[in-house]
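Got some structures for you, see below.
In the two assemblies presented below, subunit A is common to both, partnered first by subunit B and then by subunit C.
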Partner chain A sequence: MPEETSNLAARRAAAGDSTAVVHADTTAKWFLISSIAYFFIVGIIAVTIAAKFVWPSLLGSVQYLTYGRLRPLHVNGMLFGWLLAADMGLTFFMIPRLCGVKLWSEKLGVATAALWNVIILSAVVCLLLGINQGLEYAELPLALDVLVVIAWIMFGANIFMTVASRKYDQMYVSIWYIMGTILWTAFVYLTGNFAVLFATGTNQANLNWMYVHNAVGLIFTPVGLAIAYYFIQKSSNMPLHSHKLSMIGFWALAFVYVWTGAHHMLHGPISQWLQTIAIAFSVMLLIPVWAVVYNFFATMKGQWHQLKDNVPLKFLMSGVVFYLLTCFQGPMHSLRSVNAIVSKTDWIPGHAHMAVLGAFSFFAIAGTYYMIPRVYKTRLFSDALGNWSFWMLMMGGLGFFVTLWLGGFWQGWQWNNPAIPFIDTVVALKPVWIVRFFSGILMFVGIVLFAYNIMATILGAKDRPEAAAA
Partner chain B sequence: MLRKADSNFGFAIGAALVFFFIGGTLTTVVPPLIDKTWAKPFENNDPTKGPTGKLKPYTEIELKGREIYVREGCWYCHTQQTRTLLADTKRSGWKGVDSPISTPDEFVYDAPHMFGTKRTGPDLSRVGGKYDSQWHKTHFRNPRDLVPGSVMPPFPWIADDPEELKAMTAYLQSLGRSKNWRPDNDYEK
Partner chain C sequence: MQQDYVYPSIYFSYFLFALLAGGALYFFVRSLKHGYLSHDSEEPKYRMMHDEEGSSHE
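So, the complex of A and B:
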């Protein structure tokens, strides 16, 4: 029975768009195109703040462009303007196909995309003006938070109504993950942006870290895995290895993730017992992560040769490796002894970028490379350019991650020796920041090539009709 | 049992929420009910129990300075927590005196909290009273004039605005002062 179910789900997922339903995909296109534009624009901000570490007085007399205002713009822009919008676009592509029906309402979907753009553009203005709530990932003013909630309800209603009217009884793994994302995000977002305003000090920090941690763990992780579960199968044309493992991964994630927020305050002014709980559950995160990663690797068994000339699959499987690594680092950072070295150092941005860029953005890029040619009924403008975008992001990403880990670890050791003056530990990191800046440029080139390839695919769609068997 | 979630829409949603809410409630709503120090302002009159002192609410000018600190994103590079690590108590210390560790009861009036996650610059949890206001003014205009090698951005629009500079300095001088931790009481103004 279990294997039967698994193969059934797999065949359905693999046969998703051969059904007679014709999808309009207007919403998916809108979300994807705008998110790629933000990926490019915020990429410029990213390189600028990396440059500020090398030349600290750069743009120093312009208050709107100071580091403390560009950094939240970089973080919010990448998380919500690029990644979450791209993830929503891909969800609007996947869900109707997995359910075998049309999207419940294209009109509502397009309105959601328009509202989302209003939110992001307003956020850019607010953050440059220094209108900042002072809470990480929750910087946006209350009015914009309310708009985000409205947009999320519009998005959720559309997806849930589509799932409720599905043609297939059984729901593929990606559908659970997307439903989980929509529900959990609602509560995590309300906690991090509204409940948090009624608390102060340590209590507020605890709510803030619950939100920050779960913004990654219960928004970007489940929707990212939904994308990986869908597009790995589609790109490789292989059925999912095990349905049972995918269930273990999903339900373990649903239970374990939310407990871990306090690991952001290890050794800090928060109850020791809460720190210990957060550590225990952080280590338990290895269970859902390894279940998922093993499932993906086993799906690819005997099929790794496909990576040679399959651009989406390259991004997907490298994303899986980065996901494995970043989710191994996470539990290890939570151990008190390791935390005493790496916490608050430059190691942490290395870790965070591997999660958000290396794993989840790679999944979203793969989904985009797969989806855009199909919804525009054409072929990708250039596979060669697609490969170049992969290698630029890969080399730039690795340069960024690895130098910051080494630098951060070294910095942590120096901090733990109080005989070394603090400023010496800053000066010591300068070579690391130079390498990070040049790695950032490589990553930005990768983004430009990706954006150009997608733009050229869309603009030239009419001249290059899809091959007969697309 | 969870296999039911494969094909039952309502069951999948219900189970996903129940799983989430167990940990969600136990780690956010419950802890402040158990640990009362999160909400009770610091007060100690007994020197045998550690540093004495009392946490007072911020004054108007300190609050104004705090708003600037939030606006300029100082908290992206400066933490405000002396952790339970020996090196932290040494680094937050001053003139050979180790700093006491930060405790939740010192931050009851902090909203938004400014604990921070990244130390690109030094921790500021005990910076109050370490440098005089002239030092801060020069440092805001160009940090590298006082600290060669620093990567802190210059803030001329604060240094050149007497009101903002006064507020900002007042806030910084208040940091970590609820605990009287320096025996010689040698705090700068």
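So, the complex of A and C:
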């Protein structure tokens, strides 16, 4: 065994605290349970949209069920109803433990969860009614944007006050990423949902794409990595390869990510210098990404056999691989020559789904599988079902990503040939969209199995006490 | 005459950019002073390995 591992017990004992803190975890439970419900409901919307690509007349002309109404509902539902809510729930689980204290205010946390549910349910109604600002990822009406800001202030205050009362001086890297997420989200959300309303034309588009890219890069990436840094160590029971390297990755992301959004406007009517800056910073993203991924792989050195029986670890390490791939694609897309082919094609949803589903949702699912049995003092309802949920999401996800990359690349080549009528390029993609639909079915089955497993774990918690666990 | 808010909104966004960059620089320097990149920076990863024994179901 490595020397570092042999000294682990002694260092753990030296670093530990004998006084156990009792965590209520009420807020974490609220967020997790509601987010899983949205994951399931919005999953139905996702499959419906995928079916509409294959059968465009599906559901007729009912205005509430048209593609234009359902697509923003799918995007906002998955991003804010499922993923961000799940991430917030996991944050409420991690932060008190990492700080060695109770959550600053469980009541404020529950109020935040309640407000978040009001926002999501209102968003569903507004988007189905067609009340939509018409901006990508910022479709929610202004009143709901204001509520999101209030909820985020409540969330941020609770987390920062907990961190401020921590027992330990040095903070684990997950705390850094979560604090970064809270501050960056405030900036990204204000720009993307308020400042953007006062701009017009190209300037508005540029601000909007800055928001869209940073919604992934400065909201879902840092909180997703916070979750990965916490649960990979916990699930594998192995210390991180290098905490110093994790901090280098954090600061590299902090200084680099914010400038990349304009790569969505390449070949568009914005300044060449702005495009070049976005390209340069996009390529520099390889530094924090590789620092993070190397750290995770090195942590797992000699421990890969654990993936066989460890459901959370399966999701976590697959998520790391997807994170590596998606963050290799991103800088490559930002090169002008590659962008000229793949931009605006089906390649992009393939790429985006690998980031949001393949990487960050996998991290959130892993955290949920780890957290729920522990906070309910029980065992997981079924490891076999957990494995099935993994394989359904993995197979469906791979089918979806790969098909859209191939189809998108093909679509891009067709678009670059002015001799091909546009409608021919639409008809040509039908086989791609059929595979996309069936891949979506597999992913949805994975979501159903995951949701059922978690709900059965919670509802049957008293029948399977933790003490009976092996 | 309609007021044009394009440039004020962009300057507002640049201001937020600058605020974030300045904040990141400030906290980066502070983290250096607190030893996050020194030889003692590995302690948090050992401490977090046993941080949840007090969890309870309510």
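Here, the second predicted complex is superposed on the first by the 447 of 470 C-alpha atoms of A that agree within 3 Å, B and C clash if a C-alpha of one lies under 4 Å from a C-alpha of the other, contacts with A are read in each partner's own complex, and residues count from 1 in each chain.
One rule holds in what follows: contacts are C-beta pairs under 8 Å (C-beta built on N, C-alpha and C of every residue); 3 or more make two chains touch, one makes a residue touch a chain.
Just so it is clear, the model here is predicted, and its values are computed rather than measured.
Within the superposed three-chain model, A:Phe255 lies in touch with subunit B and with subunit C [touch as defined at top]. Residue contacts after overlaying the shared chain place A:Thr26 against subunit C, while subunit B stays out of touching range.
Once chain A of one complex is fitted onto chain A of the other, the partner contacts of A:Ser34 are absent, as it touches neither subunit B nor subunit C. In the superposed model, A:Ser282 lies in contact with neither subunit B nor subunit C. Applying the stated contact rule after C-alpha superposition, one finds that A:Ser439 touches neither subunit B nor subunit C. Using the contact criterion defined above for the overlaid structures, shared-chain residue A:Pro269 touches subunit B, although it does not reach subunit C.
Once the two complexes are laid over each other on the shared chain, residue contacts for A:Pro349 go to subunit B alone; subunit C is not touched. When the two complexes are overlaid on their common chain A, residue A:Gln329 makes contact with neither subunit B nor subunit C. Of the two partner chains, subunit B is the only one that A:Ala340 touches; subunit C does not reach it.
The interface of subunit A with subunit B overlaps its interface with subunit C at residues 169-171, 183-184, 187, 191, 195, 197, 199-201, 203-204, 207, 210, 247, 251, 254-255, 258. Across the complex, subunit B is touched by residues 5, 52-53, 56-57, 60-61, 63, 66-69, 71-72, 130-136, 163-164, 169-171, 176, 179-180, 183-184, 187, 191, 195, 197, 199-208, 210, 218, 247, 251, 254-259, 261-262, 264-265, 267-271, 274, 277-278, 281, 340, 344-346, 348-349, 415-418, 422-424, 426-427, 433 of subunit A. Within the complex, the subunit A residues that touch subunit C are 8, 11-12, 14-16, 20-26, 97-98, 100, 168-174, 183-184, 187, 190-191, 195-201, 203-204, 207, 210, 230, 233-234, 237, 239-240, 242-244, 247-248, 251, 254-255, 258, 374-377, 461. Residues 5-6, 8-10, 12-13, 16-17, 19-21, 23-24, 28, 31, 34-37, 40-58 of subunit C are the ones touching subunit A in the complex. Interface residues of subunit B facing subunit A in the complex, by the touch rule stated above, are 2-3, 5-7, 9, 12-13, 15-17, 19-24, 26-28, 31-32, 34-35, 37-39, 70-77, 79, 81, 83-88, 90-91, 101-104, 106-122, 142-144, 147-157.
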